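These are the structures, in structure tokens.
Same chain, two partners: subunit A is paired with subunit B first, then with subunit C.
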Partner chain A sequence: MMDYEPRGPTKSMGVSSYPVYYSVYLLATTAITIIVGYYILTGQGGRFDIGWLLSSISPYMWACLGIGLAISLSVVGAAWGILTTGASILGGGVKAPRIKTKNLISIIFCEAVAIYGIIMAIVITNNIGSFNQYTDSEDAVLKSYQAGYKMFAAGLTVGVCNISCGICVGIVGSGAALADAQNSTLFVKILIIEIFGSAIGLFGVIVSILQIAGSKIGTD
Partner chain B sequence: MSTYDADRPPYTPFFGAMGATAAMAFSAMGAAYGTAKSGTGIAAMSVMRPELIMRSILPVVMAGIIAIYGLVVAALIANSIDGNYDLFRSFCHLGAGLSVGLSGLAAGFAVGVVGDAGVRGTAQQPRLFVGMVLILIFAEVLGLYGLIVALILATKSKN
Partner chain C sequence: MMNYQDMYFNIDHGYLEGLVRGFKSGILKKGDYLNLVQCETLEDLKLHLQSTDYGNFLANEPSPLSVSTIDDKLKEKLVIEFNHLRNHCLEPLATFLDYITYSYMIDNIILLITGTLRQRPISELIPKCHPLGSFEQMEAIHIASTPAELYNAVLVDTPLAPYFMDCISEQDLDELNIEIIRNTLYKAYLEDFHQFCQSLGGATMESMCEALAFEADRRAFIITINSFGTELTKEDRAKLYPRCGKLYPDGLGLLGRADDYDQVRGVADSYAEYKELFDGAGNNVGDKTLEDKFFEHEVKQMKNSFMMQFQFGVFYAYVKLKEQENRNIVWIAECVAQRHRAKIDSYIEIF
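Let's turn to the complex of A and B:
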């Protein structure tokens, strides 16, 4: 039996990793201290301006980042769930092949997470219009910036909620498959737990829809 | 956009929107951990004692409640970002979102680990069920503290 140790180089290989980690940490801390100290002590501390950064990044960037995160993180969650559940179904199915058709429900629950992500990404995409920062009224420009921030937040919400939901449903589906392989009456009861897990992704979609309701870049 | 009201710079809605996201996203992470960890325990003990499954779904329900705390605060914040949004309310909403989100994350972790150990123990010793419920209540109440602070912050007005 192989002793699988996923950590860094072991003492028996003649290398200890602590000096490397320690010196990298020390170097990074010293560099940051010197840079920050230079700026503060020469009176240029005002150059570190978060407000300038936030308002000079175009609303289109915020919106498209939100859309990208919405779909990509949701798909990561769905994929993680499917791989976790699928491995257990196929492993348990060696001795109990009857489980394979009933446990496809767990896979479908994970796939639904990806569907939530693509729906929200398309809904957020519909709110991207066109605005001109220099010729539009100040009210319209501020509204467009607000819409950009809200679209980023909406995409991030649905993405992070769906990645958690996908992993959760995958782990519970894995347990359901293995319990089903032992006793086929247990599957329906453990499915209840998967439904609770699936509700988490749904909450993310609800909050995301509330965040982008009525916000639109541009006025057309 | 070179001149704007100092109370309402262009980046004002960013912090409020991030507050709503933090509220929902971190609570969802906590609830997902709680559901997955206790779900694994329930799936493991259900093979030995199938009649105890319905009582053991309690930790999963409590993890779901943590997600609802985050949903409530996130919905409250998201509906408050209107046209007349100033920096004060924006920062208050960021604080509210972080407080319920990170508290929910911690509470979800606690509910998950306690639920996992509790259901496995209850399968072997039925008298442990009441003890598990008591410990789960204390873990759940941590998320409630975050919700209380978040509601105080989110409904704060300048006067």
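Let's turn to the complex of A and C:
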């Protein structure tokens, strides 16, 4: 009796996917190690030319990636937040219908996150002009490359900040809805937490604006 | 690995968690119990219950009301709510809710076997079964006379089949063996449930494993105390203790060798929470019994389970609290019906 080795539960939810993940990871690591090792050990390490890679990617690519990341990651964050809060509002609203209207504020906070994303995307888009790599002055070309990098960074900044802000506001909003359903004095207090959470997204937008301040691709 | 549950929980289970918290807010509060305790007749009770979450659930019952009718209708309300949850859920919540029903299934099987042994017709026994634990083969239990036949014919298709592996070595069904079968099944069920909750991880594991550990230890104590003076040998008794609680392995070893109530109390003294429970209990007139202290502790644990969000423990806690509320209302109804109001206040307060 004392040698209790717990068997696994008799009911399990399907097969675990960890063996697949682990074997893919192992295969990828082995392949990369072999390839890199081969190149380095045969003196061809110089073939991994990061500088060539960076200088031959057009700044338009960086800028447009930045725009894409800005809007898409922001929308993912907003969506995540709205689904988290929305499910709880629906559930709590069955037995306590009074919470329905007040808790739409949480949804609005999540939606604000998506609006930040679209604002940044439009601001970045407006700074894309046209330049000719071969005929413009070197100064202009360098400035355009710099602008491309800045736009990518700005888009990435606002995107990642907004995805985390959206998730944060969503989880807090879900707690607010359920607490409000039990005791209506709690809602305003929890709203303060949400406001702080929402500030994170705002920080992302501010830094993003600072990053692309004044930078343009092209000279018009 | 970070606990990611907070981000993904609401996708599948957010609505049902919100719903079950709404159900929980309908559990009777102190003020409602004070009203109920002042009732003079069962009709008064019905009137007071109309203003709570129960509403007009007794409206279609013919008067005079009886306590067993009230008990049945209370159970029916819980069953309706539980079935609504079970019908709307996704995995893994569906498996979790199924595990909750297995304890009722075990009770039903034992009820049916006992009734069959006493030659009761099956039609009389089926209405006494708890609806949450119903399964398709219930009507067929009376055809078997030994556990092996029962297993092969009926129970192998139920979800409880793996729990019978320790039981089918029994020779015959008789009164003592029935209780041993019940406790062996329950032990296997508790350990399985504990394993399942551990595999879920996160906040569910924290709240559920705590609750199941207490349930296991409580059963160990109750089995020990009830076995003094019966023919149950110590080895047989030790095989009935669930091993998923705090008492495993040392406490269970000591309990297996205990001979009287004081030795059991000595075992409990090494564990802080259980020491408190045994200290407050006694058989004198003003004291609470040990079972009452266990129920109070369970209610406290279940209330704490509602403090965590994004976990399944709220569903288990809701079922347990509703059960306790049903027991309270039935107790008050009995006291009112028999006009014996001396101990009417010894219900367990929930909120």
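For the reader, a short list of remarks on this structure follows.
Going forward, the second predicted complex is superposed on the first by the 194 of 220 C-alpha atoms of A that agree within 3 Å, B and C clash if a C-alpha of one lies under 4 Å from a C-alpha of the other, contacts with A are read in each partner's own complex, and residues count from 1 in each chain.
To be clear about the criterion, a contact is a pair of C-beta atoms (placed from the backbone, for glycine too) under 8 Å apart; a residue touches a chain by one contact, two chains touch by 3 or more.
Owing to the predicted nature of the structure, the values given are computational and were not obtained by experimental measurement.
Looking at the shared chain after the overlay, A:L54 reaches subunit B, while subunit C stays out of its contact range.
Among subunit B and subunit C, the chain that touches a larger number of residues in subunit A is B.
By the document's definition of touching, both partners, subunit B and subunit C, reach A:G175. Judged by the touch definition given at the top, the superposed model places A:L90 against subunit C, while subunit B stays out of reach.
Once the two complexes are overlaid on the shared chain, A:Q211 sits against subunit B while remaining clear of subunit C. When the two complexes are overlaid on their common chain A, residue A:R98 makes contact with neither subunit B nor subunit C. When both complexes are overlaid on chain A, the residue A:I167 reaches subunit B and subunit C alike. Touching of subunit A by both subunit B and subunit C, each in its own complex, is seen for residues 167, 171, 175, 178, 182.
Listed in rising order, the residues of subunit C touching subunit A in the complex are 6-7, 10-11, 14-23, 25-26, 91-92, 95, 98-99, 159, 162, 191-196, 199, 238-239, 243-244, 248-249, 252-253, 309.
Of all the residues in subunit A, the ones that touch subunit C in their complex are 1-2, 4, 6-13, 80, 83-84, 86-96, 167, 170-171, 174-175, 177-178, 181-182. Put simply, subunit A touches subunit B in their complex at residues 51, 54-55, 133, 138, 141-143, 145-146, 149-150, 152-154, 156-157, 160-161, 164-165, 167-168, 171-172, 175-176, 178-179, 182-183, 185-186, 189-190, 192-194, 196-197, 199-201, 203-204, 206-207, 210-211, 213. Of all residues in subunit B, those touching subunit A in their complex are 1, 4, 8-14, 17-18, 20-21, 23-25, 28-29, 31-33, 35-36, 38-40, 42-44, 46-47, 50, 53-54, 57, 60-61, 63-64, 67-68, 70-71, 74-75, 78-79, 81, 83, 85.
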